[in-house]
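Dumping the structure here so I can ask a few things about it.
Order of writing sets the labels: A, B and C. Residues in every chain begin at 1.
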C-alpha cells in the first residue's frame, strides 16, 4: 500500500494540454481531478464528480468558465459553486464540488491536495529553465508506485544496463565518482568524472584538453526531479560549463497505489529524440518495462519488508525514501506538512 | 456492497428467449441459474451447477425435459432430481440440484430466489399490455448496481441532458410539474404538463387545441418499472387519453454487486427504433455509459455515505431507495418478506 | 485458498525446454523461479528476483553459468551468489538469491520448494519409460487449482462425456470394473474390463479371442500422474500384455492458488495427435474448458465446503484429496514432510 505526501504540489499536466476550451481529467492519489484554464488565465481544479449523482463533470460540456454536468445539467464554476440548475427552486447549499489549489508555473500545471491554507506557490521548485524554447514535453502512464520511478532516477548508473542499446552502455558512470547530498531538503545524486579527454566525453566539437563532466540529479519533494548533464574545463568551476550543458525534469505523480503519471522533458535538440535511437523511446521502451516488472514482483509488499540489498550507489535513492517517509509520517501525525525545504 | 431483496420476482429472460430446446443461463444476485421450458409448457429454473463436480449444466445437453451434465453424464429433471446416472449402483440421495420457483407471465420469465413457500404469482406486476403485438423486447448487460438504473428511470428529466442528441433536449420536462407518490407500495414519478398547444406536444396528427401531457413512471418492487407516456384534451381525465399513449417496461435484475441485467421494451412503432436516431441506441449508447461511469466513481462506497445532493426531482428515486432498504432490512431481520404491495 | 505441499518435487519444465543458453522462468506456488542448465549439465533453479531492486533476472542476460541482472548488472551464479558487481567496493554479503534444489530426471526438470535438506532425488517417481523415443511432450497453462486436474484424471470415466467427440463416448468405461487402491502412498485408479472380444477392444490387428483390458492411473504425491492403457489375453497376467500397451504422464504444478502448469505426454504414434481428432486437442479443447468452468463455479470456496455428491467412481480422487490434505497438514504442523511413499 503506497503512502502519499498530501501537502505538496504535484504536476497534473503540461500547460500546453490546457489550450482553448480543454477540460482535462486525471486521477491524483486516487482522486479524479478536472482541471481547466479560466478565461482570466487562472487554473481551476475541481473534483471530477458531480455532488448530485456522481457523474464525471469532465464528460459534460464547458460553457466559458462553467462546467455543465452531463447527467442532469447542474452547472458549476471553477470555485466549485453550483451556479445554475435547470430545475425550479432553490439550489441546495451542499451542491458544491470540492476544489484544489492549482497554478500554472514554469509551463506546468500544479495541484495541491493537502490543506488548502498551506498551499504556497513559492514551494514549487524553480524550473524556469523550462520556459526557454525547445524543450520537448512528454507524458506516459506507468504501472508502478511513484517511488520506484524516483529510485530509478536517483541512481543514473542504471543507464549502463537499461539503456545500453540506446544512449548508455559506455561505462561512463562506472568511471565517475558518486555522491549523495542533502541540500536543505533537496536531495542530490551527483556523478562526477574528472579529467576526461575531449574525445571521451561523448560531446562533439570540444576544444582539445581535459574536462570534468557531471550528471546532477536533484529530488524536490515529493516527486519532482531535475537532471543536469554538463561539463567544464578540468578544474574549472561548474558555472563555467560548456554550452553542452542540458537540463531536464521528471515529475512523477501518484495516480493510485500502483500507478503513476510520468511527465518528462527532452532538452532542446535537432530532430526527433526517437530518431537518435532507431525508433526506441528510452523511457517508454526501456525504463518502463523494468520498473513495471519490479512493481509486479513486489506485489503488495512494502519496499523495506523485502530487505533489499543496498549498494553505495543507492545512497541518494535511500535518502529520498527515508525523507519522504519522515515527511509523510509527520504529516499524518500533525495533519500539517514539514516546511517545504528550499535553500 | 449491494443489498438485494430476495423474496421478490426478478425477470430472468424474455419468454421468446426460451423457444424450442433452449437452455438459458444467467446469474441472478450472484447465483448462476439455468432456465428452460418443459414440454408441458411450464418453466424450470435450476441452479446451474452440478452437485457432483460443479460443472455448468447449461454446458451439457438437453434431452426432452432432462439436462445431462457435460462432465460425467448425471442427468437431472426440472425438479432438480437426479433421474439417471451412467454408473452402476444407487444414485446418492444428495444428488439434487437446487431449484427456484419460475413462471412465464406477460411474455416474461420470472424467477424467485427467496423462500419458495412465499412465491406468489399474484405478486408479479400487471404487465398484460406486453401481450399486445408490436412491442420490441431488448436486453443489455450493464456494469452497475441495479439501483443506479432505477434512479435513472425515476427521474426522467435526465432525458433533457443524456438524450439531448436523440429524443430529449426539448425542455419539455422542465416545463412540467413533477410529483412523487406512494401508491400502496408502487412508487410513482409523474411529470405533468398542462395546456400544451397541439403543435408543442411532439405528437403528430392531433386536432387543434390544448392538451395535458404526462410521463408516468412506476416502480414495482424490487426492480420492475413501467413508463406511460400519454396526453389527453386539456382538463379531461387521463382515461380519455389519445391513441398516442404508449407503455414500456424496464426490468433491472441484479447479476452481481455491481452488474445487472437490463431488459426493456420499445412500444409498437414503424421501423427500427435506432433508425429514428441516426443509429444511436438511446439506452445502450447514452444511458449506459453515464450509469456505468457513476458506478465506477462510487467504487465500493454505499450511496448515502457519499452524501449526494438531493434535488426535488429526486423525490421518487429517494422513496424507492428508502422503501427498498426498509424491505431488505425487514427481510433480513425476519427472514420473510414485507407483504408485496399491490393495491 | 489453495493449499500446497512444499516438501515434494514439482515438474517445472521439460528438459528439452532448457537447450543451449535457455533461461526459463515459471511461477510455482506463487514463486517466480528461473531455471537453466549449467555448462556442467546440472540444473540451477533460482528465485527469479534480484535481491537488490527486485528486477526479474530472467529478463537479463546469461553469460555462461552466470546471470546478469538487467537493471544494474549484478551478476549471480547458479548457487545464488553475487559473483560480480559493476560498482567499486565490497559486494554486500546479503546480495544473494534464494535457490532451490533442482534436477533433470526422466526428461523432466524437477524443483523442490520445501526444506532443502529433505530434497531426495530418489523420491521422484520412476518415469523412465519417458526416456524411450517417440513420446510427445506437451504443455498448457490452465486456470484451475491443480487438484481439479487431478480429480479429472483419477476418474477416467469422464472420457465418455468430455471426450465423446474425440476418443471417448464408446461406453467402454461403463462396462469396466472400477477400483481404487492405495499402493503404499501411490493411489491407483483402475478400470478393468474382462473378456472383451478382439473386435470390441478398439485395438487393431489383434489375434481372435478375448482379452482383458485396463486403464491404470496412478497418482504420485503431490501432482504427478501416470496412466497405462493395456490389454492381455483374457485371464493372463498383465505382464504378458500386448504391444498396444501405452504409458503417459500428466504432471500438474500449482502456479498460483487458481492456476496451474499442465504438462502431459502422448505415447509414441504415427502422425500428429490432433490429426486423429479432426484438429481437436482433447486436453486443451475438451478438458480445459470444463475444468476451468468448475474452478470459476467454485470461486473461492473450499472443495468440501460445497458438499459435493460423491459417487463410487470418485473413490480414487477422494483418496488423493484426503491423502494430500493429510500430508499438507502434517507438513504445516511439523515443518517436515511425511516420508514420501514409494513401495
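In this text, contacts are C-beta pairs under 8 Å (C-beta built on N, C-alpha and C of every residue); 3 or more make two chains touch, one makes a residue touch a chain.
Since the structure is predicted, the reported quantities are computational estimates derived from the model, not experimental observations.
Trainee: Check the residue numbers that chain A and chain B use where they touch, and answer same if over half are used by both copies, otherwise different.
Mentor: Shared-number fraction below one half, so different.
Trainee: So what angle, to the nearest 5 degrees, turns chain B so that its CA atoms land on those of chain C?
Mentor: Going from chain B to chain C via C-alpha fit gives 120 degrees.
Trainee: So the centre of each chain is just the mean of its C-alpha atoms; given that, what is the distance between chain A and chain B in Å?
Mentor: 48
Trainee: Quick check on chain C: which residues sit in contact with 2+ other chains?
Mentor: In chain C, no residue touches at least two other chains, as defined above.
Trainee: With touch defined as at the start, can you tell me which chain B residues reach chain C in the complex?
Mentor: 32, 49, 51-56, 59, 68-74, 85-89, 92, 94-95
Trainee: Can you name the residues of chain A that touch chain C in the complex?
Mentor: Contact set of chain A toward chain C: 151, 155, 157-158, 160-162, 174, 289-290, 293-294, 297-298, 306-313.
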